[in-house]
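What follows is subunit A paired twice: with subunit B in the first complex and subunit C in the second.
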Partner chain A sequence: MEEKKRILLVEDNDSIAKLVKYKLERDGYTVEVCVNGNDGLESIKARKYELIILDVMMPGISGFEILQNMREIETFRDAKVMMLTSRSREEDLARGFKLGVSEYMGKPFKVAELSMRVNKIMAE
Partner chain B sequence: MNLSILEYQDEYFAIYITVLISFILLFLTFYLVISALAYRFINNRKMAYYELKRKECLPKILEFVFDRDDLDASMVESGVRTKADYQPVLSLLYELLDDIEGDESERIRLILGITVFRAYHQKLLSSRNKDNRIAACKYYSHIIDLTDKEYERLEKMLGDSSVLVIHSAASAIMSSPNVIRRIHALAAVSRRKSISRLAILELLNEYHHTDKDQMDEEAEQLLHLIKADHIQTDHLAIIIKGICDIGYVSIIDELYLLIENGFADDRELVLEALIYTIGRFQYGIVVDQILQKYQDDRRPRIRRACAEMLESLVDPLYGPNLLKLAMDQEFSVRIKSVYALAALGPEGTEYLKVLQKESPENRLMIQSIVSEVTQN
Partner chain C sequence: MTPNSNYSILIVDDTQQNVQVLSQILRDVGYKVLAAFNGKDALNLLTKRIPDLILLDVMMPGMSGFDVAERIKSDDIMAKIPIIFLSALDEAEAKVKAFESGGVDYITKPFQHKEVLARINLHLRLKSLEKEREKYILELQQKQEHLEKLNKEKDDILGIISHDMRNPLGGIIGISNFLLTDESITDPDETKELLRLIEQSAERLLALVNDLLDVAVIESNTFSLNKSKINISDLISDVVRLHEPAAKSKHVHLNHKDPSSDIFVELDVSKISQVIGNLISNAIKFTESKGTITVSSELNSKDGANQLIICVSDNGIGIPEEMIPVLFKKLGGHQRSGTNGEKGTGLGMPIVKRYIEVHGGQIEVESKVGEGTTFKISLPV
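For the complex of A and B:
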């Protein structure tokens, strides 16, 4: 039996995290959730994930700081990352693409669209 | 002898008072400590129940949101048994609505519309507490299938003493398919002085229903509102300018007639908005008449509106008018006109060269605007 692809979701809003997890698990992925940046960074270092979904605005370590930390480590330099950010923060887009973000989702987002984009990244 | 008895009694009395005060203080301290502990205990229990209820309801909500066949929103109702359950579940639903949109958001709105929540918010509408009334109106703005009765209740809130309640009620009414209902709500808000211009603009955007073929009726009602004399001047100006963004082209003729009939001659802000709106629609036929009447107006705001109108038109035919406005005594009029000339491209450049010769003191300003427009 083929092992399910692993996704890490780092999102401080617990209810949104559960909603995304619910949807992506139905799409056939294994989803782990971290509700703060520190735990997220620890999980990234501890296990291998096919995709990491990061919320930009989080208390403590932000999504960008996690990304920056990841890119400094050789093993995670090419890891696929999707970012969730507020639509009004267009400056995040430029910053994220510089750090090699694969996809962006502006909040509020359509869950179906998020699922579609995740599938696209996973198929690449 | 008598004196010593008195001294003895005084001392006894002092001890008695000291002991009494100590007891009272001790009792008060004890009471405060016990109250604080009890409050903490009750609060912790409340918070724990709040979290528990959210955790209990989330799977049901997700099931309803994603497993669409044969499920009814009332399935969530079974998890909302007492009043203490309302707030945790409502907060959870609002939290989800903040971050998602599309089909899933519609499903969450259906859950919000379950009977218990409707009945609860209906009561809140008549609460003495202003925050409760605002919360109720905001609740209704999320509901998809409001009934006529619910709209009527919201319409009553338009007469509330609090502008925040009025604005929240109006915002909820904007989901109504009935244009007259929507325009009444917009009018009720526009009458109030203390409502911000941004709030009016937001409401105006909600007034327009993009998915329905109601443009003409909406425009006609809006025109009636503009002509009504009870609307605050700055709100009226915002509404007129908002017409551009929505695109009610059919009332531009009427707007021009308002200018011609002197409707806004004594209201600078309104006149400016009318000239600006006509310019944005690129309504060339009346532009000459507006320029003839207002290009040399004594009020700088009106002359600036003329320059702004020509900036929207981007027509080299008006180069001479812009050149004249670019030499205006008012700096803001000059800036607007130079922007408009720069937007004309090579034809505008010729006018700008003339302008630099005529008024060398503006050379730096002209050069910086030209380079900005060229870069854009």
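For the complex of A and C:
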């Protein structure tokens, strides 16, 4: 049997995190959740994930800081990242895409749409 | 007006007779009089005593009155003493020079007693008005700084609140939408699980709104205590019972020590219940499963006065030293997730502190990371 693809979700809003985890696990992935940026970065360095979903505004380091940090490390230069945030102004989008994010979803979002986008990234 | 005896006036004149005459005039209306017969002595005296006004002769051997005035005006403290020149010189030039060197007035000799007194009175009044003005300006500045600080605090709180309200609301909307639109959910247990998530988010929102209401009442300074006599053990038992389900679901033991002791005290039951409740729910948040929380109460005597001591102790994760000073700080200062990621409002501890203070009591905290925390409340009885 094929092993399930692993996704890391770094999101401080636990209701949102639980919902996304719930939906994506139904879609057939394994989802790990970190509720703050520092734990998120540690997990990223400790294990391999097919996709990392980052919230931007969190206690501790922000999603952008995690992404910046990742891109400075050879191993994570091409890791797939999706941003999930209420900060969806143009300059935020530009910053995200400059750092090579695969998707950028503004909050509030529909879980069905998130699931579709995740499936698309995973199929690439 | 203040009686003249509150004022001291320094006379500086090299002619002894002038000093005597002036002194008599001033003493007759109640002023205290100091005298110096030359500039050097005057300056010397000023280092020890600061009069309210100086009557200064212009033509003196050694230092002239103008020189003395300039020296006085160059000293920060002495500069505020009004100087009235007294001189036989009647030329405009001398008068101008007198004002340039820092005098506030110029009286020509021979002088009228009444005129001298009237001018002294005027300048003492001006000086006290100036003093008041400075006081008011300082008060206004302080008030403005205070208001600016309060306003900034309000802005900060608003920012934190809007972020904290958005989070659970986002959860409620997101999950509701998912339930309504995703047709793949058919299992009632799954539906229930998602509904439970909605419930949790709504409860957090309610807790936040409740805390905010408490804070609003506290900040408006309009709240009053509704005291009644009660057995503190009964009160603690009630609060403990209320928190037992939360403790149980996290596998934390919640103990009430000596539940049958009889200590009757007069206090605001709802506020003290809230205080103990906040401390217990915090303890549950920051204690891992299999940990223990103990609530105890006892009477203590300190400096001859009786005190009620209530302690809430846990053997949880503890509070890092650097967090302790900000723990009770005003509003939105501090928020920390529990060992299971439980969220707080960041308002609980400031509310606790305020409620204890209005009872005339104190709250202290002792904590060691990895070993646990004890909150100790002392209330006068």
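The definition used in the following text is that the second predicted complex is superposed on the first by the 122 of 124 C-alpha atoms of A that agree within 3 Å, B and C clash if a C-alpha of one lies under 4 Å from a C-alpha of the other, contacts with A are read in each partner's own complex, and residues count from 1 in each chain.
Keep in mind that, in the parts below, a contact is a pair of C-beta atoms (placed from the backbone, for glycine too) under 8 Å apart; a residue touches a chain by one contact, two chains touch by 3 or more.
Keep in mind the model is a prediction, meaning the values are calculated, not measured.
With subunit A as the common reference, the superposed partners subunit B and subunit C clash. In the superposition on chain A, A:L99 contacts neither subunit B nor subunit C.
With both structures placed on the common chain, the touch criterion links A:K110 to subunit B and to subunit C.
Contacts of A:V35 after superposition on the shared chain: subunit C is touched, whereas subunit B is not.
Annotation for subunit A, partner touching more residues between subunit B and subunit C: C.
When the two structures are aligned on the shared chain, A:K18 is found in touch with subunit B and with subunit C.
In the superposition on chain A, A:R26 makes contact with both subunit B and subunit C. By the touch criterion defined above, A:M57 reaches subunit C but does not reach subunit B.
After the shared chain A is superposed, the part of subunit C among 202-210, 220-228, 256-264 or 346-354 that runs into subunit B is 202-210, by C-alpha clashes.
Once both structures are placed on chain A, subunit A residues 13, 15-16, 18-19, 22-23, 26, 107-112 are touched by subunit B and, in the other complex, by subunit C. Listing the residues of subunit A that touch subunit B in their complex gives 13, 15-16, 18-19, 22-23, 26, 107-113. The part of subunit B that touches subunit A in the complex is made up of residues 54, 58, 62, 65-66, 92, 95-105.
Interface residues of subunit A facing subunit C in the complex, by the touch rule stated above, are 12-16, 18-19, 22-23, 26, 35-36, 57, 59, 86, 107-112. Within the complex formed with subunit A, the subunit C residues making contact are 163, 166-168, 170-175, 177-178, 181-182, 184, 193-194, 197-198, 200-201, 335, 337, 341, 343.
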